[in-house]
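Presented sequentially are two complexes of chain A, the first with chain B as partner and the second with chain C.
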Partner chain A sequence: MHSELKPFTPSRAHPFDFGAAGHLWQRAAFGGSFDAITETAARSPREAVAALVDGPGDDPEERGLDSIWEAVLGGGDADGLRAWLIARQARCAHQVREKIALFWHSHFATSLLKVRKVDWMARQYRLFLRHGLGTFETLLRAVTRDPAMIRWLDNETNAKGHANENYGRELLELFTLGDGNYTEKDIKEASRAFTGWHILNDRYHFSKTLHDAGVKTVLGKTGPFGGDDVIRIALDQEACGRFLATKLLRFFVTPKPDAEVAASLGKEMRRNGYHLSATLKLLFGSRYFFDRKNRGGMIKSPIEYVVGAARAFQVKLDGGAAVPALRHMGQDLLAPPNVAGWPGHNEWINTASWLARVNGIRNLVTSPSVSLTQAGRALLGDRVPQTEIDRLQKSGASKRDLAHALLALPEAHMS
Partner chain B sequence: MRTALVLSLVLFLPTLARAEPAEAAVDIRGRFPEGVVAYVEADGLGDKVAALLASPLGQSIKSHPAVQAFHKSAPGLQLQMGQMFLRGATGRDLLGIFKAVAGRRVGAALYGKKKVLLVAHVEGEIVQRLLKAAETMGGMERKTVVAKDDRGPALWKIGPAFVGLDGNVLFASSVQALAESARTRSGGGLKTDGLQAARAQVGAADLFGYVDLKPFRAMLQQGGKPKDLGQAFFLGAFAHYVPKADWAGFGLSLKPQEGDMWGLSARGVVPLPGDPQQAVVKSFGGTLKPLPFKLPAETIGVLRFKRNLAALWENRDDLIDERGLAGLVEFETNFSNLTYMSFVEEFLPNVGDELILLGTRRTWKAGAPVPAVKLPQGALLWPLKDGKKFALKLQLTFNSLIGILNLQAGQEGANPLLMQSMEYNGTMIHTSRYLPAKAGEMDGRKNLPLRFNFTPSVAIIGDYLVLSSTSELLKSLVDLHGGAGPAPDRINSGLWLEPAALREVLKDNREPLIANSMLKEGDTRAEAEQKIDFALDAGRYLRSLSVTADESRAALGATIKAVFGPTK
Partner chain C sequence: MTVDRRTFLKGALAAPAAATLPAFFARALFAGEPDNRILVLVQLDGGNDGLNTVVPYGDDAYHRARPGVGVAAGQVVKLDEYHGLHPSLGGLQGVWDDGALGILQGIGYANPSRSHFTSSDIWHTASTAPQGRWTGWLGRTLDRAKGLDIPALHLDPGPLSLALVGERVVVPSIADAQRFVVRGNKELLASVADRARTGDALEYVRRSARQAYKTAARVETALKGGTGADAYPKTDLGRRLYQVARLIEAGFGARVYAVRLSGFDTHSRQKDAHAQLLKMLGDALGTFQKDLTARNLSKRVLTVTYSEFGRRVKENRSLGTDHGTAAPMFVMGSEIKGGLHGDHPSLTLLERGDLKHHTDFRSAYATVLERWLKTDSKAVLGQAYTPIPFL
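Coming up: the complex of A and B.
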């Protein structure tokens, strides 16, 4: 294992303090409240990471939100579903599960604009919540059979003798191996394995008559493969571990991950059977994760920015207002820009989205229920001197104006 | 919102004060100088509020669990402390103080930006005690700016206001000159023509208001003419006369009614010009006739408009914005293509001059799956001059519409509608319905999707073209046709609501309302349940609600009437 992936051991020079605990909350979750970060900082890094990844046993907020699932779905309104997802991100205690679900939503980027069925999109997102911290193989098998994915990548027209290569291509390029780790022939052959993977009565349906049961050669292996065989073959590739590890590092740690660290993490992923929970515990507990060079240097996505602000200031987030605000900021849930998902990082900020962020947040963080000092510490850790926050506090402005001023700071858009 | 409601209830729900001796009317109007931009006057509110609080309705509100809970809460206890203090200072409870200060005639006039004058017929002694208590206990500062003289009483500066008390007349203003005018009665009173006309048109009211619209004319006319046919149709004469009106008047009345009920009525009026444009009168004028249908069970509301669509079309150049006119050409072509008849030559000459919209609660078979969101059912009724003439074309149009919807559904993988025509009690009806939900669609859910609220249907019932959101409502209208419905009195347009049925619809949708509150307000489930249940419970007090528009030779009016009653 790469030395950077070894457990982070606090020292006098690099303590596991409020700043480090805040970093963990910002990256592994959507940010924490002052009290939650304080509590985390009192634990060892290993205990803190385990508590976050495993989540609490029972969560009344989650039970409450689950209880309205039918009502949300019954309305058939996409923005209602988006508001439900945002409410989960802002309020559910098992934050890592919500965050990894958002990661998978961008990884398996599927858009309502083409699928056009809100309940299918809802079911797909629930797959990310259910299997997001389990094994990648289970998740990938479920996503491959998901009606929204089948429609999104046109697998409904993938039939024996007339293979549609969209799913086969994205499976290798975007979901498992990454560019350069397969050939065009692999795509054609893999696509044949998914022929007949269709939808009937709004469910996955395997059409034996439309399936090509012939012999295929995929990534050097030959046999009468079906879709699950191709998935297993792809997961067996070293490139798959490296590719997924790189994406996880880019999402949780740094826009430019070290190639050797990524390769090592990929190896660990393959070793643990692509188990996400174990992988994330390793990653979040590593020296690499807590390295100062990897702190405060990532631009928050609009969802991370808005939900993180709501959590830091302990405000009740108005989902009806948050959905269009996020859209203006450049992140429309359930409608990623293309099959590659949201590019993230520098792409989040431009002249238009910056204004949308700073203006939009004012209408969302209206009644902070904690002090500016506590919210500021939760949001910014030690990245902005306390004297600056005190100076703001002394200005005599209203709580809402103070919150807005804090959230307009460039540092508030970084994590 | 809820706190405000509870506060306002509690403020006016203390024990009743003893009856005060009657006093001759005091002239407050003569204290106002000319040139008012807006004026509001309340008269005799003290007795009205006292009677309301003593009524079964007031008692019912007072004993409401939410009010009782408020009394025991920290703000409720603070309020009781405040009441004790005021009682000690004045010898009166809150209602008694309200009656002494604002319970008789009170007028407030606006003369321009931040130029307000308030004059009230008060009990001078109680006001004096309140001022003294505020000075000694509350730290209020009262500075004399004009000493008492033979022209009037002393004028004080209290905070930003100039205040004076002349016997039983209290006056206060943000501007010294206005307060001076009230002090010396040198203003000449409220003799503005518009104000007098508004008062005559509004009639007797507990609260009267007047606004001089001339300063706001540019703002009112900024919107221009209605943007399209629909806007022109629904806004009617108001869209034309409000921007041109010199003034607007309004009144608010609270009256006890039969059966322990209380009626709240609000009326607004604007003047009609001496020579109303014929185009407007022809298009929007007239009064509604009795409804030729008995109302179906659990009717939530009826919306009716007296409109002459043919006249509106003929005068469209005068009545609709230029951009809207351009859209009408396209509308006319599409209409003809879809309905197989000319909009201008066949349809317009044959439609009557009224549009009716009806909403009812839908009941579902016990035990059968129901939608998660249970929408009420609605129908649109349009009188025809010769219903039989339209029958075939209506069927063709319905077929075309369902066909277009199904084609679109096919392209999007959505669910198609199945059509059916049948004779029902002597009337040919055309209905459609969705096929049962697909197995996969019901994965992880017990309730049906939203679309199962709809079985779009049409028929010509008698001489009425009826479009209904469900076949059940259409059939009930076939059954109810020919019965005598409600007969409005000299009304041009109106909305009549049945709050009891509306409340049942909201109760049917308690779960979606809770979901909405949790997602939009960020409430927990417990908070959302408390809010929704409180609103549903508070709704029991409202027994009927109507909004109507009428016109006389001199004015165009709109009236809102609400009837409240005690709950058991």
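Coming up: the complex of A and C.
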């Protein structure tokens, strides 16, 4: 294993302090309150990471949100579903599960704009919540049978004798291997293995008559493969571990992951059977994760910004109001811009999305229930000089304007 | 309209607001560039089906390959005995008749990628093997220009086009010029973005914030008192092109405007969806060109469309078309040489079922850079490309 992936051991020069604990909350979760970060900083990094990844046993907030699930779905309203998902991110105690679900949503990047069925989208998102921390193979097999995905990538028209390559292509390019690690021939052959994987009565349906049971050659392996065989073959590739590890690193740690660290993490993932909670514990507990060069340099997604602001200022986020605001900021849940998901990083910020962030947050974080000092610490850690905060406090502006100005600091948009 | 414009400019120049209206009126982007020329770039996102855009209706091979999604010979807007525009592009007929529409045929690049992302990156960076930090061809162009604080404007709710990413320039991107305003305590908000930061991403965020506040102030001034919006189609593209025309007229100062029309990834049941997209495109472009003429701006503006790839010649079994290669580009403007440039690629001599390109897309870029913006295309594109004689 790469030395950077070894466990982070705090020292006098690199303590596990409020700043480091805040970093863990920002990246592994959607940010913490001042109290939660303080509590985490009192633990060892290993305990802190395990507690976050495993989550608490019982969560009244989650029970409350689950109890209105049927009503949310019955409404058939996409923004209602979005608001429910955002409320989960803001309030559920098992934060890592919510965060990894968002990662998978961007990874599989299915859009309601084409699927056009809110309940299908809801069902797909629940797969990310249910299997997001389990093994990737279980998740991928479920997603490949998911009606929203089947419709999204046109697999309904993929049939023996006239393959539609859309799913086969994206499976290899975007879900498992990455461009350059397969040939056009692999795509054609892989697509044949998914022929007949259709939808009937809103459910996955395998049509034996439309399935091409013939011999295929995919990534150097030959046989009468079915879809699950192709998934297994793709997962066996070294490129798959590296590709997923790179994506996880880019989502949780740095826009520019070290290639050797990514390769090593990929190897660990293949070794642990692509088990996500094991992988995340390793990653969040690593030297690489806590390295100062990987702190404070990532641009938050709009969801991370808004949900994180609500958590730092301890306000109850109005999901219904957050949804259109997030849309203007460039992150409309259930409608990623294309099959590659949200590009992230610098592309989150341009002048338009900046104004949308600063204008939108003003109406979402209105009456903080904690002091500006504590909210500021939770939000910014030690990344803004105290003199800057003091200058703001002395400006004579209203409490609302001050909270707004804290959230308009460039550092408030970084983690 | 002319009176409006004059009154507006006079008022703006006389008032204290003049400080925010810069001295770009007489400023060339590059030495030798005569008259504040502007480039409007229209991205057709998703891989536009070139064969159903400029239809080779006179070719039997076309009709054979597309029994389901093809356009019948009797329906096209005829350009000659072989080529016709898709019927939904009727909005461009007037532009064609005026000689202000050019069609660059067979545009592509060698060893084409069929990935949306890789191919879009190739078009935007103008490199088939982008290395190191990625910059766009126009970002690099604008990096070389001096003295423009808002050199380009991206009008789209999506991410900033990679074409406009430079090493130095920060190109503002706005979803809707009409709603580009700052709410709250403007001075306090601006003050927290004043201090320069260390860290690339952090400083990028800060500069974007400052650029946003500055752009908001200037757009507000420029759009005040605009007229003529009603003539445009009530579509996102129509509204954005109106705003481009109005910003140009008001002297906003950007030299490149980029807009995007998405949804061209027509793998299944493409007929209606594609027709709708082309109608949005044709109607908006046609109106834009007419409006520029009416505002006496047409001599200064060149409009160019592009897409990351065309689509396969043979339709698929889902009444759609899969990712392909070579496709046509539109160039539009009163100063261009209209008509067809280059032959239609053969529909029978294919490469793995796809059209073979005969002209590299960077030849089109080089033409725009050398003959429109009057800058050294080699410095931007890394090598010389043969220009296409539409300019």
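Basically, the second predicted complex is superposed on the first by the 406 of 415 C-alpha atoms of A that agree within 3 Å, B and C clash if a C-alpha of one lies under 4 Å from a C-alpha of the other, contacts with A are read in each partner's own complex, and residues count from 1 in each chain.
Quick note on the criterion: contacts are C-beta pairs under 8 Å (C-beta built on N, C-alpha and C of every residue); 3 or more make two chains touch, one makes a residue touch a chain.
The shown structure was predicted, so the numbers you read here are calculated from the model rather than taken from an experiment.
For the composite obtained by superposing both complexes on chain A, the positions of chain B and chain C are free of clash and fit together.
Shared-chain residue A:A83: touches chain B; no touch with chain C.
Of the two partner chains placed by the overlay, only chain B lies in contact with A:S67; chain C stays clear of it. In the superposition on chain A, contact of A:N338 is made with chain C only, not with chain B. Residue contacts after overlaying the shared chain place A:T387 against neither chain B nor chain C. Taking the C-alpha centre of chain A as the apex, the lines running to the C-alpha centres of chain B and chain C meet at 80 degrees, rounded to a multiple of 10. In the superposed model, A:S11 makes contact with neither chain B nor chain C. Among chain B and chain C, the chain that touches a larger number of residues in chain A is C.
In the superposition on chain A, A:D154 contacts chain C only, with no contact to chain B.
Of the two partner chains placed by superposition, only chain B is touched by A:K117; chain C is not.
Contacts of A:R203 after superposition on the shared chain: chain B is touched, whereas chain C is not. Fitting both structures onto chain A leaves chain B and chain C with a minimum C-alpha separation of 10 Å.
Shared contact residues on chain A (touching chain B in one structure, chain C in the other): none found.
Those residues of chain A whose C-beta lies close enough to touch chain C in the complex are 154, 157, 159, 162, 164-166, 173, 179, 184, 255, 296-299, 328, 330, 337-340, 343, 345-356, 358-359, 362, 388, 392, 395, 397, 401, 404-405, 408-411, 413-414.
If you check the complex, the residues on chain B that touch chain A are 371-373, 412-414, 438-441, 443-451, 511-512, 514-515, 518-526. In the complex of the two chains, the chain A residues touching chain B come out as 60-61, 63-65, 67-76, 80, 83-84, 87, 90-91, 116-117, 119, 123, 126, 147, 151, 199-203, 315-320.
Considering their complex, residues 46, 113-118, 154, 157-160, 170-175, 180-185, 188-189, 191-193, 195, 197, 199-202, 204-206, 208-209, 211-212, 215-216, 267-268, 316-318, 320, 322, 352 of chain C touch chain A.
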